[in-house]
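Consider the two complexes below, in which chain A is the common component and chain B and chain C are the respective partners.
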Partner chain A sequence: MKIVVALKQVIARDSVLRLSADARWVDETDAAYEINEADAYALEAGLQLKEKQGGEVIALCAGPGRVSKAIREALAKGADRAIHIALDQPEQLDSLATARLLVEAVRQEGPDLVLTGLQSDDVGAGQTGVVAAELLGWPHVTLVVGIEPAGGGLRVRRELEGGWFQYVETPLPAVLTIQSGIARLRYATLMGIKRARSKEVRRIDARELLPQNETAAPIVRLREAEKTKQTQILEGPPAEAAAKLVEKLKFEARVL
Partner chain B sequence: MKVLAVMEERGGGWHPASLEALAAAQRLAAVTDGRASAAVLGADPGERAADFARYELERVCAIGHPVLDPYTADAFTAALEQAIGDLRPDYVLFPHTYRTRDFGPKLAARLGRPFVSDVTAFRTEDNGVVFTRPVFQGKFVADVRIAGDAPHFVSVQAGAFRADAVAAGSCAVEEIGVEIPAEAVRTRPGEPFREEAGAVDLTAAERIVAAGRGVKDESDLEMIRKLAEALGAEVAASRPVCDAGWLPLSRQVGSSGQTVAPKLYVAVGISGAIQHLVGMKGSRVIVAINKDPGAPIFEVADYGIVGDLYEVVPALIEALKTG
Partner chain C sequence: MHIDSLFTEEELLVRQTAREFVEEHVKPVIRECWNEGRFPDEIIPLMGEMGFFGANLEGYGCAGMSNVDYGLIMQEIERGDSGVRSFISVQSALVMFPIHAYGSEEQKQKWLPKLATGEAIGCFGLTEPDFGSNPGGMRATARLEGDEWVLNGEKTWITNGSIADVAVVWARGEGRVRGFLVEKGTPGYTTSDIHGKLSMRASVTSSLSLNECRIPVANALPGAVGLKTALSCLTQARYGIGWGVIGAAMECYETARQYSLDRKQFDDKPIASHQLVQEKLAWMITEITKAQLLALHVGRLKDQGKADPAHVSMLKRNNVAIALECARISRDLLGANGIMDEYPLMRHMANLETVKTYEGTDHIHALIIGERVTGIPAYR
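For the complex of A and B:
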């Protein structure tokens, strides 16, 4: 099975974030990056499918030079090769424009399956996989937490709201958007890291891939979120703050 | 502007977010000098559509076809593509549910339009509408403007608009016929099911202590259990803790787990991503313990302690014992 895994590189989860000077995005000076969590699970799901079924896993990532770190990590974990769509300021593209780019690269490969995370930790629109499937003319299944081959297609387990699940059968080729927790994430081994150095990374310029790619729903500005509640922050060393909290819960909120 | 709100059924009734989306649609219509309508899809939705005839709407559109039951993204996309062609709305609004996430962006892409998901607010600005949605897990919000021709597609976050704000009135139900060839539906959905083994009904708990990503090791959950015991609370968790296999999925609070509203909810090491907040923000009193003062959990918390949970939790257990 030929599998393309579309990965996004995002600012690392624990980063302290400040708005950029133009407030269109966050300040990325000194930012640390990581593979978007749900995409890391998509990669894991792809690698496990390949290990069971045979085939090939191709990592696909769009972004500036910094994303080569995410690509190396995917290769070190076991992806066979990678495609880097060179793109400055990926945050300026909406989901439709991003999906158009990814789809151009997917068409060049003609895989059986495209996997990607269900949403990104930065923009969090949760659309890229679904839109890509539509542009490719393929079926999709979202919120996938389990994949098994069935006949010529797949039988996947998908999550519904409120603790419900359902199985869905889909023919191939298809796009699946992967929910976090589908499998235990592996670490790259030393051997994997060594091998990654000799694996192929094909670089395509975004403008070459798609000379016209308009974003119709751009971010105009970022702002601090408005608080819905007046939070009482209990100050002091842990013992003091804890004692204040117990007092508040007993006598003010009356929930103890 | 003409605003069409797409309603979602759930368990014989309506998904609670549906009426919220309808309230948002009425408001969007009001600020753009237009009218709102509702759309209901199903195998035979005429009777169900009548549920919306008592609201102030231009009409309720009952879009019926046997292939629409059970739900598939393929059938819903085909049906709404045709209905939108007939109705020509300027905006199409959805509740931001798992189902909308499954077909809304597909429908928009089919019409070559962007889809603005998870909107919490909107306002008019420079003769246009600016939509606000969370980014960076709720640490910031982004203002988004949609360019290009109508229709524009938007989903509305659960809890952002009030279901009881839907204006009453009366309107007619209009049946809209669509043609969907059976082969247009490529996926085969199975019956939804729930995993009952070891299920815990967190919704019945009066107090809940929930652990999040800030808890670094499975063995540290012992500390969380002790805190829960001292408070007479159930233990719950945000998604990463369940993903790691440290607690069963049945103890997960959030959009993919349970929605709870206890008297007291203590969030320990939970940053407060929107997927978690929708599952607990209705709690009467919320306490947040987190090392990051900018964590979105503090936006919904009544009481907060900014600090290392490994110091604060033992201190809190001690204070509860002596207090």
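For the complex of A and C:
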């Protein structure tokens, strides 16, 4: 089975974030990056499928030079080769424009399966995988927490709310968006890191891949979240305080 | 300071993977291990799988990484605990290195792959009860009888001693200090653990006893003849220690920095807003940064084959001293909470007291540097 895993490199989770000068993104001067968590699980799911079924895992990542670290990590964990779509300011592409780029690269490979995280830790739109499937004209399954081969296709477990799961069968080729926690993540071992040195990374310029790629929904301005919660302490004897509380619940909160 | 910009992408990945390993497998168990005085031996095979043992050696199942990569692994492991780092130091620099450098092909084939996976554990017997800083005075002897060496002597302060499958033991035979491989279970070879340690509690420390212990001549390391060969192993281990202690210092500093931002005192302000607290944080981050630069420079020299023992002495001595001071200052910043085992400070501090002494005391390293700059040995 030929599997493409689309990875996004995002700013590390524990980072202290400040807005950039133009407020269209965050200041990346001292930023540390990591593979988007759900995408790391997508990679793990891909590697496990390959181990069961045989085949090939190709890591696909769009972004500037810094994403080569994410690519190297994917190769060290066991991806066979990688495609780097060279792109400055990937954050200024919306989900549709990102999906268009990924799809172009996927078409060149013609895989049986595309895996990606269900959403990114930075923007969190949760759209890219789904939109890519539409552009490819392939079925997609979201919120995937389990994958098993079934007939010529896959039997996939989806996470619903309240502890419920749904099983879906899909033919191939397909796109699955993976939920974090689908399997235990493996480490990049030292031997894996060494092997990654000799694996192929194909670099494609985003403009060559897709000369026209307009963003429909650019980021205009980011704002820091403002604290809106406030606490009031009602003073006085209990009976009086309770009366004030009831009044507030009735007329301010309007919940009584 | 953008220290990370001095590392390659691959080095950063090595550091990241070692850090993740420590977060998942060392930190969650280390407090309990320390309190029980137990080495977390359940993580040995996992460390082998990661490639941590003999990581900077080529071939025989070793990862073949650079000395900087190896240093970064030591740093991250010691962020967890000096005892776990000591295990890797001994296995890699004091057992696998001498077999790799001075062993016969047969010895390499027999031991290195098993030591690399952690299937076999090694220890290094040089120090004796009466000879610590002066190993040249050792009393252990090796007598050649036919096709056997007969070993006699006592070794002490041996990390991994009682759990080791193979001991690299040094003894004087035929007029020279020589290295031998003594296998667990060899008649005349016994070990006993040292109890009552208030430092390195998550590490096994033992004494070795050799009493008319007969080993085949094939178990002598053919290239390990002369005290210099034993000292060359120490240079490898000390290099790793120079990196490792940075990890302990970083862990202490980060704990204190975070605490000082959370802890409020006087007018509900975090103690980090006080000048005296900031001075301590500034001192620590400055010293940690300098320690990293020193370690990285020696590492790059070592990768180019240009590091000599005096460079490694400067690295080990300086970095252990500042790490110990960081542990003490961090404990101070946490006040009473700093003495509790829910914070890592007292554990690192106690461990670093050992690290200051072992692998060449602070004083001995001063004398190695002193000899280098004056040409006058001042050991006696």
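As a working rule, the second predicted complex is superposed on the first by the 230 of 256 C-alpha atoms of A that agree within 3 Å, B and C clash if a C-alpha of one lies under 4 Å from a C-alpha of the other, contacts with A are read in each partner's own complex, and residues count from 1 in each chain.
To be clear about the criterion, a contact is a pair of C-beta atoms (placed from the backbone, for glycine too) under 8 Å apart; a residue touches a chain by one contact, two chains touch by 3 or more.
All figures in this text were calculated on a predicted structure; none of them were measured in a lab.
S.K.: Quick check on the superposed pair: does A:K227 touch chain B, chain C, both, or neither? Answer first, second, both or neither.
M.R.: It touches chain B, and chain C stays clear.
S.K.: Would you check which partner chain A:R197 touches, where first means chain B only, second means chain C only, and both and neither mean what they say?
M.R.: The second partner, chain C, only.
S.K.: Could you tell me if A:E73 is touching chain B, chain C, both of them or neither one (first, second, both, neither)?
M.R.: Only chain C; A:E73 stays clear of chain B.
S.K.: Once chain A of both complexes is superposed, is A:I219 in touch with chain B (first), chain C (second), both, or neither?
M.R.: Touch partner of A:I219: chain B, not chain C.
S.K.: Give one of first, second, both or neither to describe whether A:A21 is in contact with chain B, with chain C, with both, or with none.
M.R.: In the superposition, A:A21 touches no partner, neither chain B nor chain C.
S.K.: Quick one: is A:T189 in contact with chain B, with chain C, with both, or with neither? Answer first, second, both or neither.
M.R.: A:T189 contacts chain C only, not chain B.
S.K.: Report the residues of chain C in contact with chain A in the complex, numbered from low to high.
M.R.: Residues in contact with chain A: 4, 9-10, 12-14, 16-17, 20-21, 49-52, 55, 63-65, 69, 73.
S.K.: In the complex formed with chain A, which residues of chain B make contact?
M.R.: Residues 73-74, 77, 97-98, 101-103, 105-106, 108-110, 112-118, 130, 134-148, 186-195, 199, 207, 213, 231, 239-240, 242-243, 245, 249-250, 252, 255-259, 263-264, 274, 281, 284-288, 292-294, 296, 298-308, 311-312, 314-316, 318-320, 323.
S.K.: Taking the complex as given, what residues does chain A use to touch chain C?
M.R.: 32, 68-69, 72-73, 76, 187-191, 193-194, 196-197
S.K.: Touching residues of chain A toward chain B in the complex: what are they?
M.R.: Counting only chain A, the residues touching chain B are 11, 13-14, 16-17, 19, 26, 94-96, 99, 118, 121-127, 130-131, 133-135, 139-143, 159-171, 179-181, 184, 215-229, 231-234, 238-239, 241-243, 245-250, 253, 255-256.
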